[in-house]
Structures are given as structure tokens and as C-alpha cells.
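Below you'll find the structures, each written out as C-alpha cells.
You will see two complexes here that share subunit A, one where it goes with subunit B and one where it goes with subunit C.
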Partner chain A sequence: MKAITGALAAWKGFWFAPASVRPICLFRILFGFFLTVNLLGHYLPYYRLFFSVDAVYPTAPLFFFKYGKNQVFDLLLLLPPDDSFRLGFIYLGVAASIFMAIGLFTRVSTIVAFACLLTLNNHFPLMLNAGDNYARLCLLFLCFAPTDRAFSLDNLLFRKEKPEQLFEPWSQRLIQIQFAFIFFINWIYKVCGDIWTDGSAVYYATRLTEFYRLPMPVFLDSAFGCKLATWSTLWIEFLLFTLIWPKRTRNYVVVTGVLFQLGLDWCFNLGMFEYFFVATYLLFADPATIDSILARVSRKRAPEAVANE
Partner chain B sequence: MNEQPRFTVSEAERQGPVRAVETGSWRVFLTCVIAVYLVVSNLVSLSHYPELNQELRPYMRPLRALSGVETIWQLFAPDMRLMNFHNTAIVTFEDGSQRLYEFPRFDLMTRFEAFKHYKLQKLFHDYMSNPVGVAYRPAIARYIASSVSSPGNRAVMVTFCFNFASLPEPSPERVLSQKRLPYHVTKDAHFVFEVRPGDLAE
Partner chain C sequence: MAALQNLPDSKCAAALAVKPVVLLFGLTQRWNLFAPEIRTMNQYSMCLITFRDGSQRLYEWPRIELLSVFDRFTYLKVRRFVSEYWANPFDNRSKLWPYGAPFMVAASFDPDNPPATITNIFRGQKVPPFDQFTRRANMPRGYVLDATMRFPVNRSSMSTVMPDEKSWQGYFPDVTP
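Then we have the complex of A and B:
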């Protein structure tokens, strides 16, 4: 009985114990910026190919193959069949993500950004990668978080008093859990694969030429370097769903994780995938650390922070 | 100096503005939503066996289409493609002439171009050659035929070619240098599309 009570208390504490809004508000800014870059840099240039009335793949058969006879959330289908409306819809998504980043009409702009991204993703799912899926999930959870309470124009323009700086962080926890789950699942898949356990995975990955981005480190041209990188990847991914939770080890794991993602981004062209993950590390940051960094930047005394846990 | 007090979480809760207390039933509801989400979105991805995955995914389709929560996370795992490749299309015209169309080659682009054109990679690189993309090939063939056809000389056939080179297995001591990768010398014509008059956008 005690165990059940303890588990319930732990569950309640994890999802509902008050936490500072600052990490998720900072996440909103960085995530909104990356989302804007994604929409402007990757979606907009190919709107004619993917989203226009005469797109490379007709919508009806595409929906049939992808979704069967199920209803699809696609606001583009509600618009008049004209490319200018569809182009305008993408610009609406861009505007919503910019508004979300700067914190203007934050809740509404987050919901609009999510509806736009879900529509675009559903309308042409053949262009999606894991980064798009992750961004969509993060946006969904951000819709439920009070991300306008700090670092937002809403605060400056529309509020006379500083809003409450604590909130029930279940939406933030869902993003964190999702993040950790991705690494957990990937780790499981990887340890089931022969090339990961025999140490050759990075050799093969770094020779897939379509992913090349910047010059690879020289040590990846040696057998030892490839094995070291393969097994290091397994260890780092293991840390990213285990030791990222305890407060004592969290900062070290976060720094390791950020360097790991930036290293991957250096080697592999995966679009905005790594950047969305880098932004997520902000959610694991201690609010006191955030405040001290901000204070150093603004050369003001740091406001006293409320512990995140 | 404007000295601000240091609070613990419980103290801060008492000091903070009065707010509506979340009811227990709301938290129970949220708990149910969270639990369902975790099961639906994540645990399905854990099914390592393709058979199980295929059985479950049809049930996920309605949810995915409406909310976008279905996710499959397999980044370079468990296995990886052990070859490099590029796709080409040979378009045959009614006068017997042929044209070679090369799909975007990310291995030949500058790094900036590769980033800029990244969204083409999934469609023209992965789906074109992967078995899961078979259903989408006719539309791509139609698109290419329309783009190169003219009223005076119509395209009559489009053939997709898969050009590849397997990566040699690494030995325990030596690995193949990234600068000496084999060219895509093996070619496989894996899809032939006969263009009918109705396929061409004119």
C-alpha cells in the first residue's frame, strides 16, 4: 500500500508540482526561431512542388495511400483551390511562429502555428523527417503551457503586473518525456542492431554521401575512430534518457547532449532535426542557472530563482 | 538595494498570487490523457518486430491523421543502408529519342545547397528507391513526363534507374576513406511507366 501511495505521490510531483515558467518560455523563443527558419528555409521554397494545386503528387491518391479512408486534419482543403491562398497559408504559419518566438499573442499564435504545421505535414507527408514529427509534437504540448508569462511581448504590452512565475509543468514534462523516449527507443533499436554492437555503424553512417555536411573529423577515417564514435554514441544516448533526470548529473548530461547534437549536425545534413533537439535541452535547465546567465548577460543582479523541483 | 526574498517551492506557492486550485478530477483527467498518450505514441514505436508494428499502425492511422501524434523513431537504427546511390529517369519520346533526368544529387551539391534543398531528399532520394515508395512512383513519372514533353514530341515512356555502389565491409584495422568511395556503377531499371495521353498536362 505504501508503495502505491509513494508511486502516486511521485507521479503527482513529477507532472503537477509547481515549476518555474522560465525554462519553457526560453524554449518557446528558441523553438519558435528554429520553426520559423524551418518554414522559411525548407517549406516555403517548395510550396509549389509540395502544396500547390498542381503539386508533384495529387492529394486524393496520396491521402488514400497514406491515411486510408480516415479523416485528415488539412486546412488547405478548406481554402479555395488557388495557389495564392496556399502560399498565404504558409506565410500565416511563418507569422504565427515569429509571433510565438517573440511572445506576441503567444497562446493564439502557438495554436495557429500548430494548426499550420499539422496541416502542412498532413498535406504532404512524403517530405517529413523525424525533426518535423518532433517539432509537431513539441508545438502540440506548447499549446497547453503558459509560455507567455516570461520573456514575452505580451508581458510588456498587455500586463500591468508580473504574472505568476510558477505553473503545473505537465506539458513541459511531456516534451521532456518525449525527448527522453526518443533516445530510449533509439538506444533499444541500436543495441539490437549488429552494426552498432560490432562498432561499424559510424563507419557506414559517415560514408552515406547524401548526408555530408561539413568536412568530417579525420579520426573517422580510422577503424579505431569509427568504433570509438559508435560506442560513444550508444553511451551518450543512454545518458540522455537516464542521467538527464537526476539534478546532480543533469547539467553535465545537458552539456554533453548539446555537444553531441552539434557534432551530429556538423557531420550530417538532417535539416532542422538537431536544432529542435538542442532547443529542448533548455527545458532541463535549472531556472537558477538561467537567471544567473541572464543576469551576467544583462549585467544586472539575478532575481532569486525558484527551484525547478 | 531592491533585495528579493529567496523562496523554496512550497514557500513560493504560499507567497504567490491567489489562483484557482486545480481540482482533483482535472488532474485525474490529465493523468489519463498523459497515460494514453505515452502508450499510444511511444510504446508502439518500441515494438521491434515489424509484424507487430504493421498490425498496430492501421489503428494509429486515424489518430495520426487528426492529431499528428503517431511517431516512429528509428534514426540510423537498428540497421543502416550499406550503400550509396542516386536515382535517374530515362524519358523516351515518340520519335525514339531519349533524355536522361537526374534526380537531385545531394552528394554533388555544396553544403549550403544540400541544406536548402533538404526537403527534396526524402521524396526524390528515399521514397523513389525504397519499397515503401512504390505506390508514389507513377505520379513522379507523370510529373517528369509532363515537364519534358512537348506537343511536337511527346514522352511515351519513363524508366526509373537505381544506380548504386555497396560500401565495403570495414576490416578490424582499416576502413575505406571517405574520399575514396566507389562510384555508383551498378544500375538497375526498377520501374517502367508507359505514358498515356491523359497523363500529360497540356
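Then we have the complex of A and C:
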């Protein structure tokens, strides 16, 4: 009975014990910036192909084959059938992302950004990769977090007193669990694949021309280097859903994870995929560490930080 | 919900039951980048527009390896769409192909000489197997595998139907034409 009570208390503490708002507010800034780059860099340049009235595939058959008779959230269908409205809708998403990043009308801008991204993703789902799905889910969870309480223009412009710096972090925990779950599933898929266990996966991945980006590190042009990179990937992904949780190992895993994602971004043309993950590592950071870094940057004394756990 | 979506094929009753909610709120989750298997073929697509007088115009979707670093970044979504869906004979969304052809018709429409057929051309080249390790600089440059799908254009509506002709040349061991 005592064990059950302890487990319930730990469960409740994990989701609802007060935690600092600073990590999730910093995450909001970085995530908002990456989302803006995503919309400007990936969605806007080819909007005619995917989102215009005369897009490459008409909406009706695309929806029929993709969604069947299910309903989907798509605000573009409510707009007049004119490309200027659709272009304006993408700019609305860009503006909401910028507002979210700078913390202006934060809650509303986060919800608008989510609605825009969900609409664009649903409207032409054939262009999406896992990074889009992850960004959309993060935005959904951010809608429920008080991300305006720190590092926001809302604080500067509309509040006379500093708001409460603690919150019930269940929305932050959802993003963290989502993050760990992705690596867990990816790891399961990978260990089930022959090319991952025999060490040849990185060889094939780095030979696909459509993912070419920057010059490949020299060691990936050797069989040994490819095997080493393949098995290292399996180990690192294993760490990212296991040892990222204990406080003692977390910082090491976070640094390893950031270097891993940036390495992937160097080697593969995956857009903002890796950057959304890089931003997420902020949510695992200890608020005291964040405060000391910020203090060092602003050359001020670090305020007393609130322990995350 | 996430776990259900990642079950093999996600065809279980529970996965189907939550599907409407997943679709409505965009909760789709499939996390399998480069796993469990990786495609082992480089590929690209072209579109050949044949006009009524017999003249032809070739449209080639940009190839990532020939673009600048900046263009590779902005072209990401188009790359995804083209390599996975447009005229890809390995894809199971072939029913959508005829709906893409009118986009090409519209881009090249001349009332005096309208397009007569649209032919999607898919080209591929297998990556040499790992036991024949090949450095990137020495990768085969030619595309030796071809799949073509020819769509006749309806004269009155400028629309197309399913291909009247398909052909697979080269070596496609995984495809039954």
C-alpha cells in the first residue's frame, strides 16, 4: 500500500509539482524563431504548388484519398477561393510565430500559430515530414503553458508586477515525453532493421542525393566510419529516452544530444527538423543552470533559481 | 494514441477508433526517420508534355544535388512531395497521379496547340550495396531505371484519367507493373 501511495505521489509530483517557467519560456522563444524560419523558408516559397487554388493536386481528391470520410481542420477552405487570401493566411502564421517568439499577446499568438500550422499541414499532407508533426504537437502543448510569464513583451508592456515564476508543468512534461517517445519508437524501429544492426545504415543514408547538404565529414567515406556512425546513432538514441531523465546524467545527455542533432543537420538536408529537437533540450535544462548562464551573459548576479524537481 | 499509431500498420481496432480525433486535431505521429529500412535508390522525376502537333516540352523537377545550399533548404517540401509521391511507381497513391497532370497542362497551355498527353517519367539508380562500398565521389551518375506513365489529356476539359500506358524499364525487382 505504501509503495502504491509513493508511486501515486511521484506521478502527481512529476506532472504537477511547481516548476520554474523559465525553461519553457526560453523554449517558446527558440521554437517560435525556428517556426518562423520554417514557414518563411519552406512553406512560403512554393505556396502556389501546395496551397494555391490551382495547387498541384486539387483539394477534393487529395482529401478523399488521404482522409477518406473523416473531417480535418482546414481554415483555408473557409477563405474565398483567391490566392491572395491564402498567401495572407501563411503571412498570418508567420506573424503569429514572430509574436510568439517575442512574447507579444503570447497565448493568443501561440493558438493562432497552431491553427495556421495545423491548417497548412492538413491542406497538403503529402509534403510533411516528422519534423512538421513534431512542431505541430509542440505548438499544441504550448497553447496550454503560461509561456508569457518570463522573457516576454507581455511582461514589459502589460504587467505592473512580475508574474508567478512557478507553474504546474504538465504541458512541459507532455513535450518532454513526446520527445523521449520519438527516440524510443525510432530506436525500436532501428533495432528491428537489418541495416542498422549490421552497421550499413549510415552508408545508405549518406548516399541518397536528395539529402545532400554540406560536405560530408571525411570519416563517413570509409566503411569503418559508416559502421561506427550507425552504431553510435543507436546508442545515442537509446540515451535520449533513458538517461535524459535522471538529473545526474541529464546534462551530459543533453550536450550529446545537441551535438548529435547538429551533426545530423550538417550531413542531411532535413530542414528545421533537427532544430525543433535542439530547442526541446531547453526543457530538460536545470533552471539554475539557465539562470547562471543568463547571469553570466548579462553580467549580473544569478537570481535564486527554483529547482525543477 | 501515439503508441497506437506506431503499431505495425496501425490497423488495430483501437487505432482506427481514434483516427478521426487524430486527423481532426493533427495528432498524427509516425516516427521512423531512416528506419527500419532505408530507401536504397536515388531517384528523380520529369514530366514530358506532348502537344497536339507532336512537339514536346520536358519539365524536370529540380534535383537537390545540383542546387545551391540555400535552394536545397527552401526546396525541401517540394523534394519530399516529388520523391515520395509524384510519379513514384513504388508509392501506393497512384490514384492521385491523373489529378497532377492538369497542373502541368495549365503551366504549358496554348489554345492553338493544346497538350495531348502528359507523361510522368520516374528515374532511379540503385545505391551500390555496402559490401561494394562506394565513396560519395564515385557514386554512379547515370539513372538507369525508368518508369513512365502516359496520361491522355481530355480535349474538352483539359483533364486526364488514369494512365493509358505504363512501362517499366530497367530493373525494378520490387514492382510488378
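Going forward, the second predicted complex is superposed on the first by the 309 of 309 C-alpha atoms of A that agree within 3 Å, B and C clash if a C-alpha of one lies under 4 Å from a C-alpha of the other, contacts with A are read in each partner's own complex, and residues count from 1 in each chain.
Operating definition for what follows: contacts are C-beta pairs under 8 Å (C-beta built on N, C-alpha and C of every residue); 3 or more make two chains touch, one makes a residue touch a chain.
Keep in mind that this is a model prediction, so the values were computed, not measured.
Applying the stated clash criterion after superposition on subunit A shows that subunit B and subunit C collide. With both structures placed on the common chain, the touch criterion links A:P18 to subunit B but leaves subunit C unconnected. Of the two partner chains, subunit B and subunit C are each touched by A:H42.
By the touch criterion defined above, A:L174 lies against subunit B but remains apart from subunit C after alignment on the C-alpha atoms of chain A.
Within the superposed three-chain model, A:P61 lies in touch with subunit B and with subunit C [touch as defined at top].
Under the contact criterion defined above, the residues of subunit A that touch both subunit B in one complex and subunit C in the other are 41-43, 45-46, 49-50, 54, 56-58, 61-62, 65, 67, 70-73, 118, 121-122, 126-130, 133, 136-137, 140, 178, 181-182, 185-186, 189-190, 192-196, 200-201, 203-214, 216, 221-223, 226, 269, 271. Taken in their complex, subunit A has these residues touching subunit C: 41-43, 45-46, 49-50, 54-58, 61-62, 65, 67, 70-73, 117-118, 121-122, 124, 126-130, 133, 136-137, 140, 178, 181-182, 185-186, 189-190, 192-196, 198, 200-201, 203-214, 216, 221-223, 226, 269-271, 273. Of all residues in subunit B, only 1, 4-9, 12-13, 16-17, 19, 22, 27, 30-31, 34, 37-38, 41-42, 45-46, 48, 58, 61-62, 64-69, 71, 73-82, 84, 106-107, 111, 114-116, 118-123, 125, 127, 133, 135-136, 139-140, 143, 167, 169-178, 181, 201 touch subunit A in the complex they form.
Of all the residues in subunit C, the ones that touch subunit A in their complex are 2-3, 6, 19-20, 23-40, 42-43, 63-65, 69, 72-81, 83-86, 93, 95-96, 99-100, 103, 106, 127-128, 130, 133-137, 139. Residue ranges on subunit A touching subunit B, taken from their complex, read 11-12, 15-18, 41-43, 45-46, 49-50, 54, 56-58, 61-62, 65, 67-68, 70-73, 118, 121-122, 126-130, 133-134, 136-137, 140, 164-166, 168, 170, 174, 177-178, 181-182, 185-186, 188-190, 192-196, 200-201, 203-214, 216, 220-223, 226, 269, 271, 301, 303-304, 306-307, 309.
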